[in-house]
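Below is one structure, written out as C-alpha cells, with a few remarks after it.
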Amino acid sequence: MNKVVNISDAISIIKDGDTVALGGNTLHRAPMALAREIVRQRKKKLNIIKTAGAHEVDLLVRGDCVESVTAGFISYETEFGLAMYYRKAVEAGKVKANEHACYTVMCALNAGKINVPFMPVYGLKNSDLINANDYFRVITDPFTGDSITVVKAIKPDVALIHVSECDEHGNAIIDGPVYDDVLMSRASNKIIISTEKIISPSQIRLKQDRVVIPGFLVHAVVNIPRGAAPCSQPGKYDINKKVLSDFINNKDNDGLMKYLSDYEYADKKMERKNVL
Amino acid sequence: MNKVVNISDAISIIKDGDTVALGGNTLHRAPMALAREIVRQRKKKLNIIKTAGAHEVDLLVRGDCVESVTAGFISYETEFGLAMYYRKAVEAGKVKANEHACYTVMCALNAGKINVPFMPVYGLKNSDLINANDYFRVITDPFTGDSITVVKAIKPDVALIHVSECDEHGNAIIDGPVYDDVLMSRASNKIIISTEKIISPSQIRLKQDRVVIPGFLVHAVVNIPRGAAPCSQPGKYDINKKVLSDFINNKDNDGLMKYLSDYEYADKKMERKNVL
Amino acid sequence: MMTQEAKNVHPADIMIVTIAKLLHDNETVFHGVSSQLPMVAILLAKKMHAKNLNYLNIPGGVDSNPRNLLSYSSAGEDIYNNGCAVFPLQEIFDLSMRGKLDVAFLSGVQFDKSGNVNASVIGDYHNPKIRLPGGAGSAVLIPTVKRALIWRTKHDARTFVDRVDFITTRGNVDRIITPLAVFKYKDNELKLEAISPLTTIDEVVKNTGFTVNTQGVRVLDYPTKEEMLLIKKIDPKGVRYKEF
Amino acid sequence: MMTQEAKNVHPADIMIVTIAKLLHDNETVFHGVSSQLPMVAILLAKKMHAKNLNYLNIPGGVDSNPRNLLSYSSAGEDIYNNGCAVFPLQEIFDLSMRGKLDVAFLSGVQFDKSGNVNASVIGDYHNPKIRLPGGAGSAVLIPTVKRALIWRTKHDARTFVDRVDFITTRGNVDRIITPLAVFKYKDNELKLEAISPLTTIDEVVKNTGFTVNTQGVRVLDYPTKEEMLLIKKIDPKGVRYKEF
C-alpha cells in the first residue's frame, strides 16, 4: 500500500485529546515538521509522551496544543537552557507534568507494546514519586511475597517519528542513534512517519537488516527533507542555533507565527512534486 | 580485555546445576561445539533454557547433563522428527520438562533482563498450563482490578551463543536471523561466545551498527569455525544430514562417543594456533 | 470413479490451495516451526490474490523472497533473506498480544469438539505417556491472534477426540484444515465446513472422534493448473510433502 | 596568595580531573543529557589510566571516539559514532537494574545531608514554584548503579539544603562533586571529603546549608600539564565550560 500523503492529511489523523509519542531525544531527530503542523491545525489537549524532550515539547505547549506531558526530562540541555514555555505552563497549572524517570516511560511503553496493564520496575524505590503520582503502585510479588513497584502501561494513539529514509510502504531506516523510536513505534496504535528521503521498495530490500520499522505498522508517510530542523538529523544536519534562539527569545505571539510561517514552505514543498 | 580462551577453559565456567541458555533456533546456529564440550566435561543437572530447541538439547540430555528443560518446543522439525533422547528421558522421569509457550520463555527472560521477579503476559489464558506449573500465577492488576497471568523470571547463569564474528573483547556480530540470542545475552549472568571467526577491534568498529552483543557483557570467547555443525550457520553452511541421522539412529553409547570424538579435532583445532 | 485429476493430486496441494484462499491481501500472517505446508500456502497467496500480505516468520524476515526452500525447516535463513524489514519472533508475539496479528498458523496433536487444543502431552501432564514437542506459540497466539488457522496432516479418531488429555489452549480457533476436511469453529464448537474431493463424508465421520453434523458441507476444489504451476515454482523440491 | 596555577585554572578542569580519577579501568560508565563535564572526564580517564573503561551514553555508542564534541548536547551522534557496539539507553537502564552498571553520572538541584536528591520541583509537588526539568535517570539509577557520581556546577546554600523539598530519590550516592568541594556519602550522610584548591574550608561551610564536619579534609590537586593537554585535545572548543 502506498502510504505517502500530504503533511496536512497525515496530521489530520490526530484527534484532540489523543496521546502522542514523539521520537528523537532532546535536540536530535525530533519530528519538528509534524509538530509544527499540529500547531497549525490547532490540535488541543494532547497528552505528550517523550523520554527526554526539548524544542518539540516547548513548541506544542507554546502552541496551546497540550494537556499533559509525560517525560523524564524536558530541557534544551546546557547551551539553550530550560524549556521556558513548558515550564511556565506547568507552573501556571495550564499543563500537567507527569514526571517519570526516563526509564519508567520506557517501561510503561513496553507494557503498552505487549498489551499488559503494567510493568514491574526494579529500580523505582526510595522515591516520593511513587506516592505523588497515580501511575505508580507497589504490589506483592506472588512468587516471593516481596514488594515491587509497577508503572501503568502507556499506549499512545499515535507516534510521530522522523526517519532517514523509507519506502512508500513505510519500511523505515534510521541512521545513527535510534533513541526510543522503535519502542514508540511498537507501543503506539498508529505511526506517522516523516522522512528525509523516499527510496524505492527494491532499494529498501537491499538494506533489509537496517529497516527497524516495518511498513505494515505505519499509517502515513510524509516526505519532508529537513523535517527535524531546527533540531539535528544525525549524519545530515546540525541544529539551527539562530532559529532556536529566536524561538526562545521572541516570546510574543508574532514570534510563534513567524517561526511557523518561516518553515511552512519547507515543510510542504514536496507536496506538489512527484514524491519519488 | 582479551577474553579469547580454550574451549575447555570456557566451559569450565559452567558449574553442575547451573541454568544455561542456548542461542539459535531449532537446527540453526545452535552452539553445538560448546554443547559437546559440556558433555565431554560431564557437567550434571543443568537447567536448560531455550525457546525452540532440537539437536543441542537432545545431545545434552543424551549426555546425561540435564536436570530440566524449559522451552516452548523441542523437536528436529519435520524431516528428522522428534528429539527422541529428550522425549524418552522426560517420559522416564529422568528430565523435567518445564513446558512454556516460546513467548513465555522470552517474557521470563525479559523479566530476568530487567531484574524484576515476574513479567505479565496478556495472551496466556484459557490454558491448563497455568495451574499445572508453578512458574505461572494469576494476579490482580492494581490499576483496574482485572486478572493478569504472570510468568516467573528466568536469569540464566550462563548463555552459550555462537556468532558469525567477534573481536577479542567479545564484541559480536550475528549474520542473518538473530533469534533470541540478544535477549539471552542480556538476561544471563555470564556469556560464553563461540565464533566462526575473530576479527580485529578496528574491523569491529567499522561495523559498529551490526554489533549486537557488546564485549563488556562477555566472559569468554572461543574461536571455533563451524562451531554450529552439524546444525546450520546462516550465510555460511547448511546442516549435515548424515551426522544428524547417525546421531538419531545409532542409539547405543558408542554412537554418542563416536559423535563426540569425530568433532573433537574440529572443535579444538584453533587452540594451538594464533587465534587472530 | 476416480478422475484423472484425483489420481495425480496430493492432499498437501489441496490443503495448500484451501489455506491460501483463506488469506487476504494486506493481512499480517505468521507461521512458526515445522510449518512447511502453511509456508508454501502463504507464498502461494502472495503470488495470487494477496500480493501485499505481510509474511512474518520466526527468523524475522518480513516478506522474504525465498529462492531455495530448506527441506527440513521453516525457521531458517531462506525465509529471512531478501525481505523488506526485520521483525523477529518476539516482536510477532508482541504484535499478537496487541491484537494486530491477523493470522497465525498453529498445530496441535489432539482437538475436541469444544475447540480445545492439546499440544502438550498424551496421558497425565506430570507423568506423561507421551511428551509432545510442545505447543510453541499456540498457548499465547490462539487466544490473541485475529484468526488462528490450525492445520494437521493426520485426520483420525486419535487426533479429533471426544475430550483432549490436556488443554494447552482453547477457543478462538478459526479453522482446522486436514487432508480430509475443514472444520470451522463457530458458536463454541467445531463444525464440518468442507471435505476434500479425495474423500467422502463417511470417511470423515469415521475418522473423527466426536459427532459431526454433516449438513451443508461443501467439497473443496482441486487445485487449478495455474495454482499447481505456482506451487511447483515456489516449492520445486516438494518440501510441502515432508509432513506426510 | 594566589599562585600562577590558580590564576589560570578553571574550576571545570579541576572537577574533570577529580572525576576522571574516580573512574577505574574496565568499569561500565554512563552519563546522560546535559552532562558535558562528566563526558569530558570519562574521555580523559580513557586516555589516562582507564583505557578499557566501557563508555556508555544515551545515543547508544559503546566506547565511541568523538572527533568534534557538540557544544550544546551530550546526547548526540558525536558520542555514538566510531564505537565498538550499539547499546542504547534502555539497555543501559536494564544493565543498572541487573546490578551491572558500575558508574552513572547524575545531577539534581537540591541535596541534603541524609543523601536525599531533588530533581523534581521547588515548592509543592502538585503546585510547584519551580518545575525542574526532571531527574531523567536519577530516580531509578541512583538506587541501582554500583556508584552514583553526582556533579553540580553550583555550590550554595540553596543547593545543599537542610531538607530537600521533594525526594526524587535517596541513598546510594557515592560522591557529589562541585566547583568548591567533594562530598562522600558514608554511614548515611554526606561528609566533606575534599575541597578545591581555589577555595577555603570557610567558603565551603558558608555555602553549604547543612552542618559540615571539617576534620580530615584534603585539598584536590590542580590538573597537571599533561592532564590539561589531554583535556584540551578532547575538548578544544571548551564545551566543558558551558554549564558555568
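Labels A, B, C and D are assigned to the chains in the order they are written; within every chain, residues are numbered from 1.
Keep in mind that, in the parts below, a contact is a pair of C-beta atoms (placed from the backbone, for glycine too) under 8 Å apart; a residue touches a chain by one contact, two chains touch by 3 or more.
These figures come from a predicted structure and were not determined experimentally.
Comparing the chain pairs B-C and B-D, the larger number of C-beta pairs in contact belongs to B-C. Subunit B and subunit C, compared by their mean Cα positions, are separated by 28 Å.
Once the centre of each chain is set as its mean CA position, subunit C and subunit D turn out to be 58 Å apart.
Here the CA centre of subunit A is 40 Å from the CA centre of subunit C.
Within subunit C, residues 61, 81, 97 each touch two or more of the remaining chains.
Counting only residues that touch two or more partner chains, subunit B has 114-116, 121-122, 209. Pairs of chains meeting the touch criterion: A-B, A-C, A-D, B-C, B-D. By the touch criterion given at the top, residues 1, 113-116, 167, 169, 171, 186, 201, 204-205, 208-209, 211-217 of subunit B touch subunit D in their complex. Of all the residues in subunit D, the ones that touch subunit A in their complex are 32-34, 36, 58-61, 70-77, 80-81, 88-90, 93, 96-97, 120, 125-131, 133-141, 143-144, 166-171, 242-243.
Subunit A contributes residues 25-28, 51-52, 71-80, 82-83, 86-87, 90-91, 93, 97, 99-104, 106, 121-129, 132, 176-180, 183, 232, 234-235, 238-239, 241 to its touches with subunit D in the complex. On the side of subunit A, the complex with subunit B involves touching residues 107, 111, 114-122, 137, 139, 141-144, 146, 148, 150, 152, 209-210. By the touch rule above, subunit D contacts subunit B in their complex via residues 26, 28, 52, 54, 61-62, 65, 81-87, 91, 94, 97-100.
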